[in-house]
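Remarks on the structure that follows.
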Amino acid sequence: MFFKRQLPIAIAATIGFLTLFGWFVDEPVIKSFVDDDATQWFDILASFAMFLGALNLLKMQALKVVKQQKGWPYAALAIAGFMFSFTAGFILLGSYNVEISQYDDPAKVATVLAAEINLDQKSAENILIAMPEGDTYLIETPYFTKKGADKVVAEINAAGGMANMRATEWGSHISTRGSLFNWMFRFIFTPLSATMFALLAFFVASASFRAFKIRNFEATLLLISGIIIMLGRVPIGGHISAWFILYIVVLALGAGVNSYWKDRTYTLVAVVGGLLMVTIAGFIMGWPVDQPAIFYLPVLQDWIYNNPNVAGARAIMIGIGLGIFATSIRYILGIEKSYIGE
Amino acid sequence: MNGSEIFGAWVAVFLTLGIFSYLYKDNPFYKIAEHVFVGVSAGYWMAMAFWTQVQPNLFGRLWPVPEGEVSGFLMRTWYGVYNAMGWVLPSVFPAGGIDKGHGSDPHFMYLLPFALGIMMLLSVASKLSWLARMGIAYTVGMAAGLRAYAFLNSNVLGQIKGSAVSFVDMPWFSLTGVSVVNNIIILVGTVTGLLYFYFSKEHSGSFGKVTRVGIYFLMISFGASFGFAVMGRISLLIGRFTDLITYGGPTYNHASIWVLLVMIVLLAVWTFKGKEKQVG
Amino acid sequence: MKDKQFWSVAGTIFVLFMIYWFLGHPHFVVERAVMFWAILVVGGVLIYSTRMAQRGEKIFLRSIPGLKAVEEAVGRSTEMGKPVLYVPGIMDMDQVETVAGVVVLGHVAKMTARYETSLNVPVSRAIVMKAARESCRESYLIEGRPDLFHDDMVHYLTDDQFAYAAGVNGIMLREEPAACLYMGKFYAESLLLAETGNSIGAIQIAGTASPSQIPFFVTACDYTLIGEEFFAASAYLSQEPELIGGVKGQDYLKMIAITMMVLGAVINLFHDLGWISWDILGYLTVQ
Amino acid sequence: MEKFLDYIVKAGSLDRRVIFLVIALVVILPLFFPLGLPIRPTNSSQDVYNAVEKLKAGDKALVSFEYGPSTKPEIHPMSVALLRHLFQKDVKVYITCLWPDGQFMAMEALQQVAVNQYDKEYGVDYVLLGYRPGAEAVIKGLVSNIRKVFTVDARGNFLDDIPMMKDVNQVADFDYLFSSSAGYPGTVEWVQYAADPTGVTMSTGTTSIQVNEVMPYVQSGQIVGILGGMPGAAEYESLIGQPGIGTSGMDAQSVAHLVIVAFIIFGNISFFVERRRAKKY
């Protein structure tokens, strides 16, 4: 029972306590442990957690295939997808470069080179001649298989040049253009994760139409401030004249007066009077697009964004900050034990 | 534009339109793309975690390249284990040790996180699931220590300092810059917003009115987040369509157009066959 | 001054630190002294209020509308014979919101055990799966229905955010749950889930502290536990003295924060007007 | 009138796919027929520009990439514009990534700006340190000692062999810090574990959705300026006078926003009509 319960809590409490009060200690030994080694251990365990996630996925999908549950061919596809990215990550390098260091007769070597980088013979020769002394020329697109690269190296050597095959080192193959892993990232991982996110634009649009309703005053405030921010921050917002917004405000006030006093004459007076006043003021000031500034969307948006919005966001942030501090303290004191399922 | 780029463009277009086909309805193309994504992303996370942390910073510290000949029984067995693993996986354990700049003698202290990590992997087997607790306890404990300080410092103290606004040598009101009225709004909004999250008193009577003002400030802030969120989503859609348009160009043999047509035809057939099954 | 033990411990810590301080406080990062005291005071308030709750003192906490809806939602699913879908967010156990999500899950699991409703919990992190599974197993045990619990009630989909959202959408479309509960830390996939939940006509209750996702949950869900209400919810549902004490403690801290803000503004005003020389903002160092 | 109201209520529950089609067209058409609307920078983008303008040649800037392909359209234009501005001023650029995908984004941006446009030399003008898992623990490690987190850079070279890494040991040695972030770990963690403890000037570029979460830091001065989403990127591009992919998306962005606002208004009108009719019967 000690291993299953007391030990984990003891580990969490000690490392939590050390990390929290490590901020205040500048004694070299403790400081270097807390700031460097402890964080490195955390990073190592974080990577093992990713491994664990992948293994669990495999187990889940494999069970689905073994038990022939509904949709098992797709689970098999997921496993195939995993196998492919595992191969690209650990087994098949997919990027073998050919490097030419010297040559006796540029013309002969150029014939081989031209075929490889699909250029005409003459320009291939210029590349070789332009190669500075002691430097090497690397054929830009790597070869997928080791055999392919070795073949080209043999041909160049046969043509009197001196070339060798340089495989990308394991580990940095992730970040070299042309490796299979890099290809997988650009043409499989990127379109999939980018498109999943882009789907949301469609859902936001359909939700705007069907889900975002003014059910009460709070929802009204939310939608109005959302609309002002949306229009104010894009170039088109600058083209909507402040007077247009002023007319809408007058109509909105009219609706408010109507639903509050429920008397037709009051509403009529309010609306007509308001419209008249705005039109007269407009004529006097010559209808400038961005005056009165309070109704010019980009400026109004800036004011909302920098003042009431910051106050609301800060109230939330302080609340959450205290909440997270409280929960973290409960971990360190061993009160909160749900991470081991209690 | 060599072969692998063009083939890659076609794969990318197929997967992009496969995911977009979800908008029509949940169909085989979407399921294919979804499950390829699930599988590939798991392998991707594993490879990145391994090649950027486990191999350089863990194995690199346990088996650095020794200076000169390995001496002593312990070291010889230690590097004997290494060579055995190197025989099995030469790409991960290159001959002679892993040279990632961690000096030349092994950091045996790193056997501890290595052991915790292995225990986490073993916890995949359900009856050994308790093994992961030590690793979880370490990460949860350390995260608690880091976050307790960071959130109290930047999210609470820093914000209190930001809200202790000043009212001197600034205009009464300005739409763009700092002003007395703006600062009052920030102070009042923050205080009333915080009071909305006050749980020790029922929100009724005059206190209810104060928290009502608080929720209004919160709703304006949520409205701003809403506006920003819509803006972000539209930008991402623009990004996807820009890619599709480039892949529709001649250099990629009009990949987008062809794949779109083929998919529409297949989806129509699939739906039609689907209806026939229901009818027949 | 009821809690003798607490005050004696607090007193000794204070005295010990003073001695250490006057002995020249070796290896102490002096610039962070304000933070050191802030941690001790805030930690002290939290511990004091937790102990107050543990002593069984009556603590009043206001009602949260979103929580009563959770009971209604599970009841509705039982009547319609449809499963309850519970999504504990997409982050790992090191996130406090995920832990709160697992606590709320434990309570929901008690209800589904009592009403014999089927529960479906797709997760996106292996460690969350472990914690959620054990939390559900305990709830079904407490309700005396271990037979109803099976391991795959809590199942793992993928670590990746959007593959997970797509997977959960697939489950919603196939099993058409009557109640969808989203409790935890969410990012952009929240709308995907809420929109699909909307389209199958389920009661949706969300709880999250991620400020950027709350607007969507507020507009597309029937109830939303906003930020702290979500943390208070796990205190409510668990009725554990520590958690309720924690909420009470945070209320005290909010009062302290508000007084510090207002006082800070006032003192800062006096300083700017030249009436006093003490510059409070300089003192409130953020290091 | 009654028939007209029937039509509005029926339209209220329009099939989702019609709305999807409308949004698709609204975004594609401006990409083919650009309107060229002028871009007006807000002062939060101006603050970032001024913060970078203050840097002198030879200063050291730490740029951290925390985004992936799923948020690339919003943040990649910012990173490219910022790198252009930094290289224009001959600032030394050090790049770290807290997201695995960030490493690929950084490689692409460097290829486009450092190699093709400004012909900068790797290891002297810019270095790509690469990705390390561990989120905020990585930042805490960098604040205390970079060489514990990174012993080799993304290409496998040892840090000690890289000339520009000489006497650069921790975050405090940098003159400027910029986080292009799309969520967790990202801007919040950089403020909490790097900017606040070390006091290095920090700006950030975030997805639009994260702007609100970070605004209180901007108001309290913990962050100097913020670029918000693709509009923020377009504003920065116009400030440095090099329009790029951010600017080209702005027309589609504007039109799409107008349509979404119209959807919200129309959706609510049909909601009101429906509710008033329900009250009558």
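Lettered A, B, C and D in written order, each chain numbered from 1.
Rule of thumb we're sticking to: a contact is a pair of C-beta atoms (placed from the backbone, for glycine too) under 8 Å apart; a residue touches a chain by one contact, two chains touch by 3 or more.
No experiment lies behind these values; they were computed from the predicted model shown.
Q: Considering only chains that satisfy the touch condition with subunit B, which of them also satisfy it with subunit C?
A: Expected: A, D.
Q: Which chain is most remote from subunit A in terms of Cα centres?
A: In terms of C-alpha centroids, the chain at the greatest distance from subunit A is C.
Q: What chain pair shows the greatest number of contacts?
A: A-B
Q: Where the centres are mean C-alpha positions, what is the separation of subunit A from subunit D, in Å?
A: 9
Q: Rounded to a whole Å, what is the gap between the Cα centroids of subunit C and subunit D?
A: 29
Q: Nearest whole angstrom, what separates the Cα centre of subunit B from the Cα centre of subunit D?
A: Chain centroid spacing, subunit B to subunit D, equals 15 Å.
Q: Averaged over CA atoms, how far is the centre of subunit A from the centre of subunit C? Could you give it in whole Å?
A: The computed centroid separation for subunit A versus subunit C comes out at 25 Å.
Q: Which positions in subunit D are in touch with at least two other chains?
A: 16, 20, 23-24, 27, 43, 70-73, 103, 130, 132-134, 137, 140, 196, 209, 212-213, 216, 219, 222, 228, 231, 253, 256-257, 260 - these are the residues of subunit D that touch more than one other chain.
Q: Can you list the subunit C residues in contact with two or more other chains?
A: 35, 39, 42, 93, 96, 126-127, 130, 157-163, 166, 188, 191, 211-212, 215-216, 218-219, 226-228, 254, 257, 286-287
Q: Multi-chain contacts in subunit B: which residues touch at least two other chains?
A: Within subunit B, the residues that touch at least two other chains are 22-23, 31, 34, 37-38, 41-42, 44-45, 48-49, 52-53, 56-57, 123-124, 132, 136, 139-140, 142-143, 146-149, 151-156, 158-163, 176, 186-187, 190-191, 194, 197, 218, 221-226, 228-234, 236-237, 239-240.
Q: Show which residues of subunit C lie in contact with subunit A when the two form their complex.
A: 26-29, 32, 35-36, 39, 42-43, 46-47, 50, 92-93, 96, 99-100, 102-103, 106, 125-127, 129-131, 133-135, 137-138, 155-163, 165-166, 188-189, 191-192, 194-195, 198, 209, 211, 215-216, 218-220, 226-228, 231, 242, 246, 249-250, 253-254, 257
Q: Subunit C touches which residues of subunit A in the complex?
A: 20, 23-27, 30, 49-50, 52-57, 60, 192-193, 196-197, 199-200, 203-204, 206-207, 210-213, 219, 222-223, 226, 313, 316-320, 322-330, 333, 335-336, 338-342
Q: In the complex of these two chains, what residues of subunit D are touching subunit B?
A: 16-17, 20, 23-24, 27-28, 31, 43, 70-74, 100, 103, 130-134, 136-137, 140, 147, 151-152, 158-160, 189, 191-193, 196, 207-209, 211-213, 216-217, 219-222, 228-231, 245, 248-249, 252-253, 256-257, 260
Q: Would you mind writing out the residues of subunit C in touch with subunit D in their complex?
A: 91, 161-162, 187-188, 199, 210-212, 286-287
Q: Looking at the complex, which residues from subunit B come into contact with subunit C?
A: 22, 26, 30-31, 34, 37-38, 41-42, 45, 123-124, 126, 129, 132, 136, 139-140, 143, 147-149, 152-154, 156-158, 160-161, 163-169, 187, 190-191, 194-195, 197-203, 218, 221-223, 225-226, 228-229, 232-233
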